[in-house]
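Letters A, B, C and D mark the chains as written, and numbering starts fresh at 1 in each.
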């Protein structure tokens, strides 16, 4: 059995001796039933700047927080998972043509499999959390994330008016595309510092929303003690330390998404 | 913020803009309370050969199946996780000095965090499964693994006599070291086939067993339909197709383990 | 503190020293967002008869199997749970006026709280199972239930045509009411046989379906060994032993439900 | 099929048409491998008095908090569950002979099945919580409980010296028996206030500890908002409002337990 470092034309995933296939030319991955809750807040740009690689310029000092429940995920046999993303609007200077998108500071997901794919195949900064399904009680929407029984994230939204037809058409324009940026970093094996692989990544996702409502709401971060959550406490502490200068209007949306791995690439 | 491809002397993990530290020279990671249940069976070497990279020679056509409950995991703040490994005894020819160890065909774990570290930092072929804690009912020991409510692995053991003092000392000799081999494979981003990184890896683990009992038992694989478990059905099918020619004696052991990332490295 | 056996006018639940309130006259409990998948099969009436108390006559020897995902459950703060019911159409002779409804053979639910309420307050035969959210992959719908990693129930449906407006109005007529019957049985404390309480119960639920599709499909029971699932293996074995003589058309529906505890009562 | 209210000599559980057996004369239920972490604090007796039925006198105004991981549970096929109990030392005046024991204010458990049995068969005030396995990190022991991702209970202990042989023999004397008292309360069906069944209960458990260490530590209650946890917020609020006047020494113990349902009974 050969797991060649030369390009033998196969696509592989670990365990690479079991998982290999001819490239389909594809990578277009439909998610048939998605619900998002999101809200954003303006923060201090200098503090935020520390966490965004210098290859990206911050287009607005905004912390965008989104919860999403993804169902009907085709590549998972129609199964589902949930996620919480924290992102910043940025611009990447690629040659002469700048690209606008969002740089993900962190993505929590509640299933391991999309985390593995996202990190290894696209440099998405995914890590694990328990994310109970969002609750709706009348006009109140509520979400949280926790680690081994300890809450670290809460989002509370109040439902406002439905988007107008024009507003809905607006967020669906241009395939409802969101350009995601990440940074793929694979370390050297063993006690040696430094990367085996380190690069900016580009990974678009298209969306078609069938309904959308404005929301207002808040986000609460609870920083765990290091002994409670050694591997993520610094991440949560960094997010909690970003000042909330002003909340913008959020939203509650339903629709479909399409992952565009066929368009993904490493950035020069 | 700079996530350099040059070696700036820091150790990083994704999200690399949040997680970075000076190398400690360490990587010695204690697991204070471990329980293993294992059994092996002889199989057909030619079939097995398909799944072991040609850099390794198979020293015995043996499928080694081990369940482990790891508690008191220091790097997780004293938390715990469970795993099921399927491995083959192999020899790697590194320069003039061959190295004996086990090549992991697959490692299922029930928490995401050790999966991420094992894959990205050491090429361990870890994937996710639900692994309920082992059951003990008198002399019967029982373990299973499942995916979204569908059982795919079962191990049933009957407890036999305790190891003699000499036998226990034997498995603890030379730090009870087990040399683990894996294959780290990181694909190119996007629809392009082939690896961005592909290499054999070496990652030892030391063990001190405080008690051990002989066991006899069996392993049952249930292959899921592709639609039920698209990403792992081929792995389980490959394992289920390895003939069980003869079961060897297994064991039930308790003790401590020490991960030796300080000794881990990519193999030439 | 007094937990009186005399009627002091308060409604209580265990722990009764903490949970007590004046009766609201209510018990009307809305479930804002429900999805059901169901299919039925004709079976042998004599075999079925063994499991239906003699106070009820079987109106058709039908095993009705339904999965339901309940979201927006108001009494749970807008949270959700899932269930699988196995029921038989029956008639209860109450005085001169017979009541038609369904007798639940068993109800599996994946959260403990509705199980407690259903059993203690209404004699619903609820027990626990892990019930992953239903999967939809194109026209295929799939559900399973498991216990500690061992699958015991699977339902596979293929989506057919949407209900006509008339057909939808039909299932919504008369408040879409389903009369549920159960048998509340509380044993004596200690090693003594026999009940402290034993009675038939009546508990209606109203439904408003916003969409419905015909389905065809099948149910598969896998009987666990006694040692694997001591408390439910007999239940699953009894269900698995009911012959499947003919499958009837099933359905996939979405809508709202209202529990009518305000109408519930013990039957004479 | 007959689920008689007359005593036909069978023992039944809901679903009573499926679950029935001749009384074994038994009810002695071994738990082969148990670990407890416990700590107590003195509180205000008048506040505490509100929650203890007047049939019991409080022997010391003590809030006893115990976490237990139970493994090798025979009646569950060798499986395991975890629990957190909050109890008060009391005396019950039964005829001329007073009985000393503990009155459980609440018992959280992380599996549904022992909750059902405990409530219905013995009046134990059991309710559900997620209870991750205790963590041990050197001399630090840590436990929490949560509901749908929201922490409400935390216990932190520091390990002290091992019990002397005499001290260990002391806690094992008289079968290490703990007499548990509860209050079994089953409401009337429907909107009517008042009980169908309401009585004090007696349920002993025997223990044999193989090791024990003194501990010091603390308990933290976090009261959820009503909308977050409607059914338990009042319970947690009542516990949180009991003042912590003085912590007593706690313990960390390992051993076996035997449930003595053969001795359980309703109290007159």
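Observations
Please note the rule applied: a contact is a pair of C-beta atoms (placed from the backbone, for glycine too) under 8 Å apart; a residue touches a chain by one contact, two chains touch by 3 or more.
Just so you know, these numbers come straight off a predicted model, no measurement behind them.
The minimal number of chain-to-chain contact steps leading from subunit B to subunit D is 1.
Comparing chain pairs B-C and A-B by the number of C-beta pairs in contact, the larger count belongs to A-B.
Note on subunit A versus subunit D: their Cα superposition corresponds to a rotation of 180 degrees, in steps of 5. For the pair subunit B and subunit C, the distance between C-alpha centroids works out to 43 Å. Centroid to centroid, with C-alpha atoms defining each point, subunit A and subunit C lie 38 Å apart. In whole angstrom, the spacing between the mean C-alpha positions of subunit A and subunit B is 29. Across the assembly, subunit C contributes residues 77-79, 132, 137, 140, 142, 148, 227-228 that each touch 2 or more other chains. Taken pairwise by the contact criterion, the protein chains are fully connected, each one touching every other.
On the subunit B side of its complex with subunit D, the touching residues are 32-33, 71-72, 74, 77-80, 132-133, 135-138, 140, 142. By the touch criterion given at the top, residues 1-5, 7-19, 22-23, 25-27, 49-54, 75-79, 104-106, 111-113, 115-116, 119-123, 125-128, 148, 183-199, 201-203, 226-231, 234-235, 238, 261-266 of subunit B touch subunit A in their complex.
For subunit D in complex with subunit A, the residues that touch the partner chain are 130-132, 137, 140, 142, 144-146, 148-151, 227-228.
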